[in-house]
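Next up: some structures, all given as structure tokens.
Next come two complexes built around subunit A: one with subunit B, the other with subunit C.
Moving on, here comes the complex of A and B:
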């Protein structure tokens, strides 16, 4: 990528290095119920995610709604605290190597090994001065410019706020700085004393960007910045973001569900599904040779301006809905909807329950499920007949072939049906090419 | 394709080519600053069985045009300033009773005959013998009959369009109670003209016009309770059938759920089921997939397409997403600042856009080929439409604007068969017309 030489270019030693390292970050939200509001479960919004953001690059984060991409954006920016794991800011290459080496150590040793790095670079544990420096350098642009700009503040207050908070400027100096920022995003002095509602959607998004630029950050997290905009205005904003990046060597974390936009903007892409990264790699390599069936399904669903024809006819459209993130499927989380699933993908007791939902009559007769583990258990029905029927369904064409392959045991004794599946581990990310990782059991 | 169709159809005078035609539609809104010309002289036809796309930026008047079909506009501040929306309702073909015959092209449906002359041709129907209604002037009661029955709407945001306090079954049932109460009564064994206070009470109940005493009667009398139960059962069957048609798994359970218990894609399916419940002739889909994920969008689009082809209804598909329109529509009308600037077949319009605005919109979509940072954005934004003067409304954002653009109003004129453009580049202004202006 070409970078323009300008006064904003940071010192060369930092150029191209890692800016932010996210390691094994998880965010679980408790589900409370009952009069005492006891915690009865956890919604695993983000569940163990690791990636790096390099200086001056655009990292695209894609996935369906509810996959945790917005939560991840907020975790990275430090707006919410993770349940476990940590984001590290401004690591040099030796600490980064130490960090990655520590990930393989057992729990107790890892703590000791990471203590120094955590204290200096972990955004949750770093001292307040360091955290202030991180906050200055990591800004955010939100999706909805209606709710992210205070309707009672003037543009000069909105854009000047970060400068005032960090005691960068005041008085007439502040006004001049704000005008300078507005001019960079295509607005001007005449807009200083107006309220957000006096602007169009595109202009409001420009104000958000000007506010994010105020402290000259190194990273901007863009949470669906153009999804509320028209295509012609979207083009204006995307061009603006590109110019700013070239000028200031900004890094972007671009959270979006629009694959055309991410293909246009991103250097690298991370695909998420149900709180996990399923694939990560350079944009071209993901678009030309994606290694995960979920990424392929997303791309198949993407419409373009090309002629409608054969391509749209044999498109593999994804079946079913995203499973409940409070009880994510075992093994590969995508196996319940995957068109190329195998017996190794982690079929489990919950999959039987999902199949039962399609057979209403049987579902009503199910009285109890006891689990020995996620992969073995006993289903109790009202009568022996229903248990027999269920066993027949599990062996029939009504369930996918890999499911039947993974089912090691299904025996009925009276009203009980004992089932056991093949054990499966969580699928790890494996290397598929230079800088390209995917979590899939297939080649 | 459309040309051939119109040729074969014009051979049979009873079958019109268009199901609805909008002529010079003007919808203005009164504001403090002046009169906003939100829709200012829109003309287009919707042909029988086609999907017409209505595209444009936010604020170009596409949704207002769509809502004008159902008179869902707030008046005041809205002002229906002129023009007409003619709609030709259809009925079951009298020759084959809906089984499909020679005269109705195997569709089982025919345009409703003019009520004044019973299809013979008179001055009201312009000698065509076909009933034609101006949706902007008919009575409110007639409009209520048409709304949801002959013309239905799929709204953009199902979480706002569905009532959060009613179950899916209750709100879907309303469509049937309003428009299909005769069927429900027939299913319960009550003839339409059956005399007696019991039958009248049940009739009122089935068409949502019940009085307080009617419910009491049902509670007290065992015979009426049985009849009422039969009506409810027939209603439930119809609701379940409508839901399962949109591929909703387990419709019995969905009927009992509230909107918040369903996912976005499911809610949109419910909206579609509600719109299609009475087999409408015309469906107005106002950005039905904007709030959905790409994977869900693909399924919903397939569903709309499939249901539309199987029933032969016409669809007006309002969207700002050009790639969706490209895939789902037969013809496209591009709107800008309250006017249609270009209209034509999808293929023509996307491969050979003639209006600079259409060209700009198409170039602004990021594709694999566009180098980063070089998207062709249209500068500026949609103008405010307060008392606009006579000029091309795109002139101040247009790279190709020249002399007459600032002083004259371009009209929609054909450039090729079925492809009309309103631009002075295609139709240079003549000295004669300049003198007239």
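Moving on, here comes the complex of A and C:
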């Protein structure tokens, strides 16, 4: 691990430069309902994410299930098109600087400023030759090796297919190239004419890796490549990936929920929660001094596997479910589950609804909610009694202390309960150390 | 030197080639399909029917000028089975029942092969377009399919054949217009299922064309249920074709099993059972055989038992 830790910022241009720049990428899926299939909302699977992948590095992308990390992996590879934002391939440092300068411009000017960069480097907008070059240089290894290998194709066809598609080899030349690739992943000539079902899970994942290597790419997106494997086989695959990286100067985008794997593999880590990046930084710095309570909670969950006692005090850190990504919480998206939340974290009307769900009797008596904003509104109950009860609940121990601190106003008039919370903006990523960014109001 | 695992003693394997492996796999599949006795039974019946159709000109003297028209022996009306020159008897109008059965197998084969191949091609194409393109086009195509599916096959085919006028060609035409719907449905559902596999994404990531992905990844993995359904329909179509010609939608006098059953039924009450029974038996055997083989194929090609 002598490789230099690289930076999230464009000014620190060393270590071979930036390979891929993801800028403000979002993917929203419409929720349709009713006979006319009208769009009634958006699931914000990925909601404005930016980061760079540098040549030869491993970037770990971690988060819980449903946080959007797999979607992000597919966005980066160009398999699905983003709702907004774009991924840029192979930017030189001056274009990268121009790109980041453009992000701060107002909407109208930004389009003009980005036009040239979009046309030349944006993977959705680049010309066909550039797109082909990107296709060759960005490959992917999937989690499920059963589903990622066509069951009707022989290994030679599976691994040799990228070479055929890009007209790199054919005939006996192709066979030799495939054998070479198989040998690099620990398989051999004797496996050429077999079907995927004749292999074990670990071997199938090796075939997937050989296929991804065929075009000698610069980047491989690894979407939970080991989570379907036994622990011992996992280690073999991870070591293989590390060896290949050292040999070929590959960059990896390693998508996983497993922090111990990421600690072993990644140079830098990006933590995602509900479609947003909450923390990003060099692996060591994240593991030694993580600045976001969500990352700390993930690491506490990881320690649970270790000797009993070490993590017992952190055990209950992540309670509750991930909120609905169609209505992500305001402010910091983690505030509903955060153990160290404060009054500034963006408490809002929706948090009352989340509390109401725990008090079913009150929930049934709620007849209407009128919102002035996300932070102020009026709740209408069936009778004055219920409104009084609700006001009492909101002031009691039943709700978290920071919630009560953020609640500036809760007055009942008859059946109505007027509430107002402290205003809060979305929490931005701020610098916490060299290359280390976190989105949290706490220092 | 007796250690079998020693690398020096490893026997040299015959040189493998992709072709050899694929042929071996097809062989294994054939063995698997034929390992079921009822499937073999169905296969044998089909083979017998096929050879009957193939050797028809040698088994009987073809009627001139059109061998597909029943020959008339006006001197031997309503003869029972066992009559010289008419081993299975004759019809009301002196048609030889055996001749009708033998040349009827050609008619039936023609009917089922034409209808099945035309409908499989149409259905696969429409189902593939719907499944691959999706969106509005999928919606429109599937609503058209729904309209077709809401009318029973037999009634719909009957209506079309009646409008086109009574002839055997029109029966073929009407069945082609009706039967593609099922295949379109099956194909669309299969394609949507297969499309979700990661190997489709892997092919897209390596930059392969949509057409290549369709023909190399999606179609081969989606085709099995269509093949099974087509085999079952080889039998079902003869059954429905016979029903239509029984009702009188084919030309009378044609060597066709349904027509023969229809012509013979008037005599059943007076004890002349043979003119309807023998062709009826043929229809039954034909449908049974293809059903048995279709079921055998379904079991052998079941994706849950097939090596993935």
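Worth a mention:
In the analysis below, the second predicted complex is superposed on the first by the 418 of 443 C-alpha atoms of A that agree within 3 Å, B and C clash if a C-alpha of one lies under 4 Å from a C-alpha of the other, contacts with A are read in each partner's own complex, and residues count from 1 in each chain.
Keep in mind that, in the parts below, contacts are C-beta pairs under 8 Å (C-beta built on N, C-alpha and C of every residue); 3 or more make two chains touch, one makes a residue touch a chain.
The structure displayed is predicted, hence computed values, not measured ones.
Of the two partner chains placed around the shared chain by superposition, neither subunit B nor subunit C is touched by A:101. In the superposition on chain A, A:234 makes contact with subunit B only, while subunit C stays out of contact range.
In the superposition on chain A, A:81 makes contact with neither subunit B nor subunit C. In the superposed model, A:150 makes contact with subunit C only, not with subunit B.
By the touch criterion defined above, A:392 lies against neither subunit B nor subunit C after alignment on the C-alpha atoms of chain A. In the overlay built on the shared chain, the residue A:358 is in contact with subunit B alone; subunit C does not reach it. On the subunit B side of its complex with subunit A, the touching residues are 57-58, 249-250, 252-253, 263-266, 293-299, 302, 320-324, 326-327, 346-347, 350, 360-362, 364-368, 370, 372-379, 381-382. Within the complex, the subunit A residues that touch subunit B are 64-65, 200-203, 230-236, 238-239, 242-243, 246, 257-261, 263-265, 287, 297-298, 300-308, 312, 315, 317-318, 321, 357-358, 360. Against subunit A, the residues of subunit C that register as touching in their complex are 13, 16-18, 20-22, 25, 197-199, 201-208, 212, 216-217, 220-221, 307-308.
Put simply, subunit A touches subunit C in their complex at residues 74, 77-79, 132, 135-136, 138-140, 142-144, 146-154, 156-157, 161-162, 165-166, 190, 192-198, 208, 211, 214-215.
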